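Chain IDs A, B, C, D, E and F follow the sequence of writing; residue 1 opens each chain.
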Amino acid sequence: MSSRKSETEITFDSTGAIFMGAKREIKNSEIGIFGVTFDGTTSFRPGTRFGPSEIRNVSYGIESFCPQLNIDLDEISFTDFGNLEIPFGKIQPVVEMVKEATDYIYSLNMKPLLLGGEHSITSGSINAAIKYFPNLIIVQLDAHADLRDEWLGSKYNHACVMRRCLEILPSKKLFQVGIRSGTKKEILEIKQENRLVKQEFGKPAIELDEALKPFKGKPIYLTVDLDWFDPSIMSGTGTPEPGGFLWQDFASIIDVLAEHQVIGADIVELAPQLDPSGVSSILAAKTARSLLILLSKVK
Amino acid sequence: MSSRKSETEITFDSTGAIFMGAKREIKNSEIGIFGVTFDGTTSFRPGTRFGPSEIRNVSYGIESFCPQLNIDLDEISFTDFGNLEIPFGKIQPVVEMVKEATDYIYSLNMKPLLLGGEHSITSGSINAAIKYFPNLIIVQLDAHADLRDEWLGSKYNHACVMRRCLEILPSKKLFQVGIRSGTKKEILEIKQENRLVKQEFGKPAIELDEALKPFKGKPIYLTVDLDWFDPSIMSGTGTPEPGGFLWQDFASIIDVLAEHQVIGADIVELAPQLDPSGVSSILAAKTARSLLILLSKVK
Amino acid sequence: MSSRKSETEITFDSTGAIFMGAKREIKNSEIGIFGVTFDGTTSFRPGTRFGPSEIRNVSYGIESFCPQLNIDLDEISFTDFGNLEIPFGKIQPVVEMVKEATDYIYSLNMKPLLLGGEHSITSGSINAAIKYFPNLIIVQLDAHADLRDEWLGSKYNHACVMRRCLEILPSKKLFQVGIRSGTKKEILEIKQENRLVKQEFGKPAIELDEALKPFKGKPIYLTVDLDWFDPSIMSGTGTPEPGGFLWQDFASIIDVLAEHQVIGADIVELAPQLDPSGVSSILAAKTARSLLILLSKVK
Amino acid sequence: MSSRKSETEITFDSTGAIFMGAKREIKNSEIGIFGVTFDGTTSFRPGTRFGPSEIRNVSYGIESFCPQLNIDLDEISFTDFGNLEIPFGKIQPVVEMVKEATDYIYSLNMKPLLLGGEHSITSGSINAAIKYFPNLIIVQLDAHADLRDEWLGSKYNHACVMRRCLEILPSKKLFQVGIRSGTKKEILEIKQENRLVKQEFGKPAIELDEALKPFKGKPIYLTVDLDWFDPSIMSGTGTPEPGGFLWQDFASIIDVLAEHQVIGADIVELAPQLDPSGVSSILAAKTARSLLILLSKVK
Amino acid sequence: MSSRKSETEITFDSTGAIFMGAKREIKNSEIGIFGVTFDGTTSFRPGTRFGPSEIRNVSYGIESFCPQLNIDLDEISFTDFGNLEIPFGKIQPVVEMVKEATDYIYSLNMKPLLLGGEHSITSGSINAAIKYFPNLIIVQLDAHADLRDEWLGSKYNHACVMRRCLEILPSKKLFQVGIRSGTKKEILEIKQENRLVKQEFGKPAIELDEALKPFKGKPIYLTVDLDWFDPSIMSGTGTPEPGGFLWQDFASIIDVLAEHQVIGADIVELAPQLDPSGVSSILAAKTARSLLILLSKVK
Amino acid sequence: MSSRKSETEITFDSTGAIFMGAKREIKNSEIGIFGVTFDGTTSFRPGTRFGPSEIRNVSYGIESFCPQLNIDLDEISFTDFGNLEIPFGKIQPVVEMVKEATDYIYSLNMKPLLLGGEHSITSGSINAAIKYFPNLIIVQLDAHADLRDEWLGSKYNHACVMRRCLEILPSKKLFQVGIRSGTKKEILEIKQENRLVKQEFGKPAIELDEALKPFKGKPIYLTVDLDWFDPSIMSGTGTPEPGGFLWQDFASIIDVLAEHQVIGADIVELAPQLDPSGVSSILAAKTARSLLILLSKVK
């Protein structure tokens, strides 16, 4: 049901579906997709474990051609490794395994695209990415600050993930786009640290463009917490927050990032069963299509 | 299962959940929440009876801190009385009981926040409020005019509620924000009477700001029929009407009202079971969070 | 269970519900509604067969008065014929029957409003319309180009419908409004042929107004693929495509078309069971209300 | 939208669907179906108002031939009048209208089959039936005793319906089949009065056969509260009660009643939206098919 | 996305998930699974196209060990080929492709297990099977007779499938277990032809055991229309029919068939989206587990 | 939001609803209910965290009187403490907290009724119970053996819970009723150890009665994994297993246990969101009603 992929204990489950246009084989791929079916620290509404499979399932319902970027997925080469095999009920080992799996992708000279699962997995992939790109910058699309130091008894809770990332990020450069929920302390910090790019409303792409200008050519890791989108189009997530952004805003951000070097990315917090219409999953798949093309542009 | 709260027959059912941050005890509270699980005149799709409990349940899924108003719920003091105990299948007695319950809240020197239930309950709370604030003004956020004199055989149908309110309102001052559905007669009347603030589209907060200017310092009762919001973010309501407003519009209205004296409010017409994603209920809870802070600002 | 309506084999099933305000009898009607419960070529998520009945069911949940056009449905006269009786598992015969049924409506001196069903039915109604209006222009609201020549083994697949329409349209005049998904080849063609009116985002009504100016007085057939709307308000469709349009955009387009001669129309691709909130069906019914008034304006 | 059917105020809404095989016209019919979309006294989970339409909609999903009774619906003649038009939020007037409508059916020399709606409507139809069949016997299939004298402030609550029926029934003969829920007082009474036919479990048809033996040839009114069935096959009802009966048990009861004179019947308490699989509605439609044939056997 | 598997046009889509314990490679397998995502002739409620994938998805939720047959899936060897690639909107070509795919499985010296899709596919697999087993017997578990000669304009409708099978079956031996719905003509025929094994209720395994005794050692093809099960445990099917069978009854039938030579099988008519609890899909997966073991017993 | 209840760190969240008829105060109670919203080791479908609240919510939909045991809940005295406050993403600490909370209940001279949450919590309550009843016997109603030593990387996974219980149970007396799923090794063990009471089908109460005879007067802890019930009436559980038991079987087991001393109990594995009809939750609430009466019989 699974196959060992490296000297470490990392294995991928390849019994499931793969993303539209992906290969199951590794050779000559530019990008490596893998899913992380982890939702162990979610306190409100679980179910992001079903995210990776559903993103793949519905990917066949959209076109492989992206009119915005004018590229078809069949013009690029990418592998879908399946889902990382993880233990249940333990956080830290999972984050460690995510790190190793991401490292494995980079070691194959591929760029990683992670499909979550909950946001807590991001500190794992960041930890691998900084080994290859020490001066990494993080761009975070999210509704929530995720800067708590500890939450519900754990430092690895998804509400703490950006705190963890900041701790290990040499550049300390984190751009938090569209945060609209947090504690008084969190909101204060991101304002004081000039990390915030648009709090609720308005067009965040313009501000992000401005903010990233000094970092042209620097490697960027993009983490997309899908609850950044407005609940009207992304109801399938554990903690939807009214007042979010539309696809149009995301497309503008893609235009900005297309001018930069995105060397790794994740799409997290899809809980597909919460949106029986399937629209949330389709939005996530279209997001993945954009990120695949974005990642393929960096040579 | 319930406890008598006054000399009248009003009792509250306290077997259910309470709103995030609320107390179950009365003393020293600024605001009193109670639910009215009434949906007896709904002709199309019932279920607003489940609204009050669901608003409370999902309230734990959002933060207690409101970045817009920069206040945390733990900075204010409010009691959740539970749901008013009501008979089934009778309208007028329910409206009467709502009046008495609201009166009871005011008599305790608290401001009421009602969680509906259908809109017909508002004429009850208005009737209590004008006893304490005779020169009351009503601001109504709604998709529908609700000005019919009688509907489906009853004067207390939710389609008639603003007609009932107008009859008992000494000031005759009613501002109807965002009405986009009605009979030819209703739409004509609200235009002729200059009651209308933005019919569909655009930014209603600017017009409301203008309209309320002459009434600075006057007591305002705010009734929020949740179908004022666009069905994209509020699908969990009995008669959704395309072409509504987003959270951003509501936030702007809160900004306007924060400059005025809101001395009572209700949130009505949430039918949570119609939106299996739960987004509608979460929007209603976030609306309640804003109103609690608004009500707390009036001393 | 059905009644023969013409010399051909066309019969309508009249055992179901009718649209709000419609008559079951033919005489003196300006408009004829009929449903086509066909979803045989849908490859991703079927269920548009349930569209016609659900549009009728929920029509009773909105007002018969349209504030935008200031007309009430009871001021116009229209017949609901029920659903066309069709065989299962065969495409071409169904398209042929749609043609005959549309022809029958025109022969009664009525204008047709078709309720789909999938988009492939449009080439049938166009084929009938051009017999009566040879210089017909088509306005297509759609997320997808639908210009493939063949798809999944059939020339009558819904992904090919506008190709089929173009083949039989003498004027070759097709305005494709808001297309945001297609193959590289399709998107290139509609740009080269100047058929495109707004690709994603922005306000398409202004461009459409401009594009239609040279055709004042010309007969227009309007085909509304409901996936033109944004998935936030139209999740109940087989292939939702993020980045679509809101009701406000549609209302603006109605304002434009009210200055023209719309002599036939269809509303297709509602798959009501995919949106358990019912909002998609209500949006479709409100769309139908607008189109009925639009069709009634042409004498 | 409706048509006056008698000198009284009774009107039927004929804009909706009709039951499989029914006529919309009255003449030469043996049986008259009508729906009562009333759920005003339901305290737990409303929605039986949607029952009548959904029973009709899904009736087209079963065969018209009944293998058990070896009769096809096309061998009998019955009219579907549509739904009785009723006011919202008032109980007693509705019960009175049900009485008049049932009387109207009998006056046309037809036997009534009512589709509920909640159980409270039965006292209306019984009141009409005893005018034509004074020595009427009632057979009640139900999970609940429904013998409260008053409930939640009303004597017409559905929890009181059999108390109301007993008060007006000259014969005082009521057979309560399969009751498995009630107050201590109710359960005691039905045991003392020898009204009970099987409390939970076992095969109730044998006991019913025995109990009805002394009443051969007497007119029977059959009221089927669908929650009599086990929740495994009838989850679509407001107050499902575990430990109920299967279709096989119902078929045996039909065999028993086929030896008697069933001169009127109702099927109540279907709340179709609670069972998204549709199985409950299909079971209700199959129940209706059996009852139509049963009613047609009495000449 | 697919790979050519034989000289004919048959290709399988291997981008999806595989059944628990299956291999993706062919060599040394005893059994070959493939899915047929066809629901083109379904008139009432479509969606069996989603059956094959969902059976595979939920198969990971049950144990691989079968206590009844005391065998674990890891003791047998079987390949999951994925889904047959088929055109949309055409019946006869699909049936032909099913025939070729089944033939291909047999040509590899494997026994086929088909996952439907609708029942109409069975005449394809039977047509292949009789080439290898001319004296084949068919055992049909089904709620419906499926013996119409033509239905809704097609001879290949799923309501006609057993008629088609009979036409091509040299032995003319068809055992129809548990049929409880049909036309008067169908029910009469299966009784006259002694094909019927238990019509509704009772324990069909005993009768089947008796009926099959004269055919010990003869090759049996087993077609399982999942609507044979009672809707209480199989609500996820297009035309559920109350009065069906439980898992216990199926287990008894497995005990009977374990004494015979089952050389091919299919599981059809799962429409998973109709049962949001997933129980229907899990039942189908457990059925598949039993059939895999049954097929593995024949050497 | 919570209140400290003992010297240890155990706190209960009392912001939620309470079970029908329960008190919020402790004094003079015979039984103490508390919920454990833990589902951290669930590998297939999570959501049992929502079980405790939903059991309470729907408890108001059944009568407080139990006809089988002829007792009304208002004749007994019990407290609902709310839900135990637990950390997310950690198993062993939660099990420890369950132990302490159960101990606290016993220390108040009350008997515990736990509402799960997943089955892994049972080893916590058993660990507390054996302190007070060292010669405890366990009766387990379950579909699964739950005897794995470790699963998915954890000894506290819910698939291991009865192994954990056996390790700490001095009497080693465990009666496993109705197990119908497990590994080959598990099924073998429970047969060899004579622990099994009815494997699938038949009437388990008779065998249980026999098995418990030698233990008259001994303290029994009853753990009810709701997947013991057939999926037809209990679809709302993570790993439903076809071939289970009906309410009637449970009622018979209650009759057996009423002759014994049940001194503690839990109801686990309800995942209410998986059964949108709510029937599973109602069955769980009725189960709780029976257990409350059972526990109250032991003085």
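Some observations on this one:
In the analysis below, contacts are C-beta pairs under 8 Å (C-beta built on N, C-alpha and C of every residue); 3 or more make two chains touch, one makes a residue touch a chain.
It should be emphasised that the depicted structure is a prediction, and the values quoted were computed from it without experimental measurement.
The set of chains in contact with chain D as well as chain F comprises B, E. The pairing of chain E with chain F is characterised as different-residue: of all residue numbers used at this interface, under half are used by both copies. Mean C-alpha position of chain B lies 41 Å from that of chain F. Per-chain CA centroids place chain B at a distance of 56 Å from chain E. Residue positions 60, 230, 232-233, 276 of chain C each touch two or more of the other chains.
Across the whole structure, chains are in contact as follows: A-B, A-C, A-E, A-F, B-C, B-D, B-F, C-D, C-E, D-E, D-F, E-F.
Residues 44-45, 180-184, 187, 199-201, 230-233, 235-236, 239-243, 274-276 of chain B touch chain C in their complex. Chain E makes touch with chain C in their complex at residues 39-43, 46-47, 49, 87-91, 93, 152-154, 156-157.
On the side of chain E, the complex with chain F involves touching residues 60-63, 65, 67-68, 70, 72, 230, 232-233, 246-248, 251, 276-279, 282-283, 286. Those residues of chain A that touch chain E in the complex are listed here as 1, 15-18, 20-21, 53, 57, 60, 276.
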